[in-house]
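Common to both upcoming complexes is chain A, partnered first by chain B, then by chain C.
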Partner chain A sequence: MSKPLPSASGHFRRSYADEFRLIETRLAKTSAAAFALVLLVFPFAVSPFYVDLATQVFLAAIGALALMLLTGIAGQISLGHAGLLAAGAFTTGILYKEFGAPFWVTLPSAALAGALLGVVFGLPSLRLRGLYLAVSTLALHFLVVYLGGEYETRRGFSTGILVDPPVVFGYEIYAPRVWYFVLLAAAALTLLICINLMRSRSGRAWRAIHSNETVAEALGIGIARYKLLAFVITSAITAMAGALFAYYRGFVSIEAFSLYLTIQYVAMIIIGGMGSLLGALLGALFVTLFPYVIEGAMAALPGADRLAGSVFAVNYAAFGIVMILFLVFEPQGLVGIWRRVRNYFLLWPFRQTALGERP
Partner chain B sequence: MQLAVNILVLAAIYALIACGYVLIYRVSRVLNLAHGELMMLGAYMLVATASAFSMSPVMAVVIAALMSLAVGGMVYLFLMRRMTGEMVLAAVLTTVALGILIRGAVILIWSAQQYHPRAMLGWGNPVITLPGDARISLYAALLIMATVVVYGGLFLFLRFGRWGMRMRAAGQDPLLAAQRGINLHAVFALAWGLSTFTGALAGILIALDSGLDSTMVMIGLKAFPAALVGGLDSLAGALLGALIIAAAEVGVIRFIDPLLADVVPFIVLIAMLVIRPWGLFGTREELDRV
Partner chain C sequence: MAELEVSGLVLRFGGLTVLENVSLSVEPGELFALIGPNGAGKTSVFNCISGIYRPSQGRVRFRGRDITGLPPHAIARAGLARTFQHGELFRDMSVVDNLLTGRHARFTTGPLAEALFLPSVRRQELEHREAVERIIEFVELERYRHAPVGGLPFGIQKLAGFARALAMEPKFLLLDEPSAGLNRDEREDLARFLLRIKHELGLAMIWIEHDMQMVADLADRLQVLDYGRTIALGTPGEVLNDPAVINAYLGVAE
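And then the complex of A and B:
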């Protein structure tokens, strides 16, 4: 069985075709339809500020899903995520600036650059584990950022590279609502790819490697191959997210890809919940909205306005505290909370969880 | 000659910071990525004590260093103690989160402006001319001396001290050490305290030499390759690693490209991870234990 049954639903699979269905129960079908409807109506119902916010969430979700595949599913620690985003963004920026390359060239090139970099990032994983792997990806992050900075200074773009909006089928993607749908589609596509990877051979291999490498090898799983595959897929998706980021912002600067960005992405998968794609989405939502919530809270609280000059410092401090709270008190993340709440209502008025279900 | 002095000063800085990484890793197998921030916090402590104890500057320095010792111990007792037995990744990420928290708190309390603790204490910084026409500032010379004293002290402490022996035992096998009646939490807290203390010492001396702002974190991060190149669980390795990293960095700045300065340590780190991941003096089995 590639994925668990919907919990406490009384639903059972009766044919092989049932195993392959993405959406199994009627409740799941209606809620998915309702959610899709909300997402489609959303940009027409709210102000441009919220549309931009939602677009940022989609962008973050793509990167977080990719990182979840690598760290949450395959168990390979990476602290070089910002480096990969930077690689995608800079591939786009450089190709556009130097050769005037169109959208259809830059995006695959970014993916290709990401995949190549993924091999480079992944090679240490064949010899190194845990901490040492994290450290080597961290070192590679600094290398990529240096190369980007070097390009900026050498070519005289020391403040950053300007990128014009992409033109697709003669239509310029510029308006916020158009971007909203483009990135929504990109995020949905990434999610679909991730779900299918998870329930296919590679996903099972990754989870086996995560649980126990020796046993996985004994089962006939090519450790080196699947580890590299995880790095390559993650890096390619992340680099494409970087390319989309470059187009969306219309501006590429190495300043944007600091170590803090990596930490934000790692925080997304921790706060969301390790090993769950839903967790990656929830984490992306949480981390993207967090600074705005803090800002709002500071505006609302009396006496907080004397800190107004140092909003980013408050952000740092609050972000650190939230991360620590999740790591110490809720290692399962938002998904863990969600599962507890859901099970409570599913089983009400009983307290027992279903057999084999995580508490 | 001047080149050699520059390398020596930078190596002393890296070595003094790197021994903090080594102490914690050797005793509790946790990589403390908040070390740079803790070191910066120590330097800011001096800013606080400098205005409080303006009568006796030496007192201010001593109290700032002792406060860092307490801060390190408290970080373990209140935060890292909860992470013992968790995944390695969780413990490392907790230190990352702690680092961000400290960074934000420091800017909130002391703002982002640059401080000059030396001027606050009313001390000068005379330049000493060495034979061979090399120049070195007084505090850089003090830094080298502090590194020698700290490493000498740590060697003696770990070799002969009662608590030093306990620390080595806890590092070799926590379970057996606990069975022999060693209070593991006390040992780990001591390791965190000592590590923060030495880091803060480095931070204070750098701040006295060349001023203080939040970019100091980067120095702390660049010292990490020094610890890893030498082997994460070896103090002697950290010394040699610091020397290698410093030589590479100063050499590259002098002969190739000053822009490379911030990357060189990490390039050396990658090279080392490819050739000999456990470092020059590290224990080889460590790789499978993490």
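And then the complex of A and C:
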């Protein structure tokens, strides 16, 4: 993806290869290093509660990045995200419970199951668009949830399937801090894969299809192929996130994968900022932490005891209000706010934006 | 042998006949203008050639190969590139990315290699980035290369659309009103680019145009459509003085 240098950065490229570098300026290098250091030290500096919270953010980030590829980049709306997470979690749970399959079997199997579902539920996208496509992907959700529920009741795991911690190279992944690093690495790897796809021809093809299918096809892009590819990649990554979720929680139950979970993932990419990978990360952070912030705020109110019963209701309502506020006032999401702030400081004391860049 | 041959093209939408037996034939290296009043069916001819519409009757042959009814991406891959009346660029993408998208079919990288950004991917990206830069230089868009297209002036967007078609390295160009919306200076630039493409690249082109001065100056031959029918064909000198053409454009003299 060719990107303009931040205006007035004082940095100049010397070759086209410089355009591919992920970290270009010295400022970017320093801040990336500082951020990495914070992430490394974090689990040792805070209580287990916050380690768990961060781990949840990493898991959400994987799912949000995957959904961003499909919806934010390729423009294909999907409401089957919770279904895909469930597919990955149940593939893992069933393979473990029935065959005692190890981690290195369950994870690729989950990816494969996700990819297959992606092909099947991507097919309607060749004919349907927008809301109609959304409804057809909703079928994926109910299918997976139904099958999962059937498995639970028939095998007598009506409360859910217990999954033991995974063993990798004789090492049991169990401690919260270990999970923190495992999921941090998984999220980082997902991010890298997404960045790489975005800066090569698949990413450009997806954005072109999102922008104008007729023109994209007139340029020689096989629309069907790239739509299905987007569904397959997104679904495979999401199902793997579901598998990791199953191991992390040590427990798989269909109750965890309600339609509300799908809404949360859709909210992540909208609130974060459509079409931006950074937006997916910011959205995952925001939506994961949001209920805890609301809960904390309500606990701090006078007469907190009397409010305790309505925490859930307030959470849902506040979440809805935030979604509406973002859609109305900041359609570019958190990433739009970030860009404005960054430009303000980069350009200060001037206020003019760079050529072609929208303010 | 003609480079592109369209024979007996009929296009109907329900009861409406848009094209009625249109034939045209473009020789190698020829700058062939297609003109006619609004609604004459010029863009419909393009849509039939480039596979966006499927003609009700008639054939399209490109270098002897029948391409009628092929999907648009297959026709693009056969070497026919087109531009659009309103530019139709990918607004959120930079000029460079728009042009790289035009080179889509020239990449051979697969999604797995791309996900890992393997050296083969890096090499191809670099190679095509350089090719794109040559086109950017050709159409003099250097200062806009990294700007998101949506924020650029319309004239620049049109030029970028023209550049995107060139970036495909086509064997044949279909230009849909490339000068519409351009100012005098930009039109002169465009004329220069058209002549350079013709003389340096030897590309044959069909060129839909409303600027009769430009057509008279540049086109080798032109064909006039009116209500989906051909009413004249020949050199600019012959056609622009044809009473039937003058009638179609200006109405019949009392």
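Quick notes on this one:
Operating definition for what follows: the second predicted complex is superposed on the first by the 348 of 359 C-alpha atoms of A that agree within 3 Å, B and C clash if a C-alpha of one lies under 4 Å from a C-alpha of the other, contacts with A are read in each partner's own complex, and residues count from 1 in each chain.
Basically, a residue touches a chain if its C-beta (ideal position, glycine included) is under 8 Å from a C-beta of that chain, and two chains touch if they have at least 3 such contacts.
All values derive from a computational prediction rather than experimental measurement.
Once the two complexes are overlaid on the shared chain, A:A185 sits clear of chain B and of chain C alike. Legend: residue contacts after superposition of the two complexes on their common chain; A:I221 is shown touching chain C, with no touch to chain B. In the superposition on chain A, contact of A:L327 is made with chain B only, not with chain C. Using the contact criterion defined above for the overlaid structures, shared-chain residue A:S202 touches chain C, although it does not reach chain B. Applying the stated contact rule after C-alpha superposition, one finds that A:I193 touches chain C and leaves chain B untouched. Within the superposed three-chain model, A:N212 lies in touch with chain C and out of touch with chain B [touch as defined at top]. Contact with chain B, but none with chain C, is seen for A:V266 once the two complexes are overlaid on the shared chain.
In the superposition on chain A, A:V38 contacts neither chain B nor chain C.
Judged by the touch definition given at the top, the superposed model places A:V168 against neither chain B nor chain C. If you check the complex, the residues on chain A that touch chain C are 1-5, 16-17, 19-20, 193, 196-197, 199-205, 207-208, 211-212, 214-223, 229, 233, 275, 354-358.
Residues of chain A touching chain B in their complex: 71, 77, 124, 127-132, 134-136, 138-140, 142-143, 146, 149-150, 153, 260, 263, 266-267, 270, 307, 310, 312-321, 323-324, 327-328, 331. The part of chain C that touches chain A in the complex is made up of residues 50-52, 71-73, 76-77, 81-82, 84, 88, 90-94, 96-97, 100-102, 104-105, 107, 109, 111, 114-117, 121-122, 125-126, 129-130, 133, 143-152, 164, 168. If you check the complex, the residues on chain B that touch chain A are 31, 79, 82-83, 86, 88-90, 92-94, 96-105, 107-108, 111-112, 224-225, 228, 259-260, 262-263, 266-267, 269-270, 273-274, 277, 287-288, 290.
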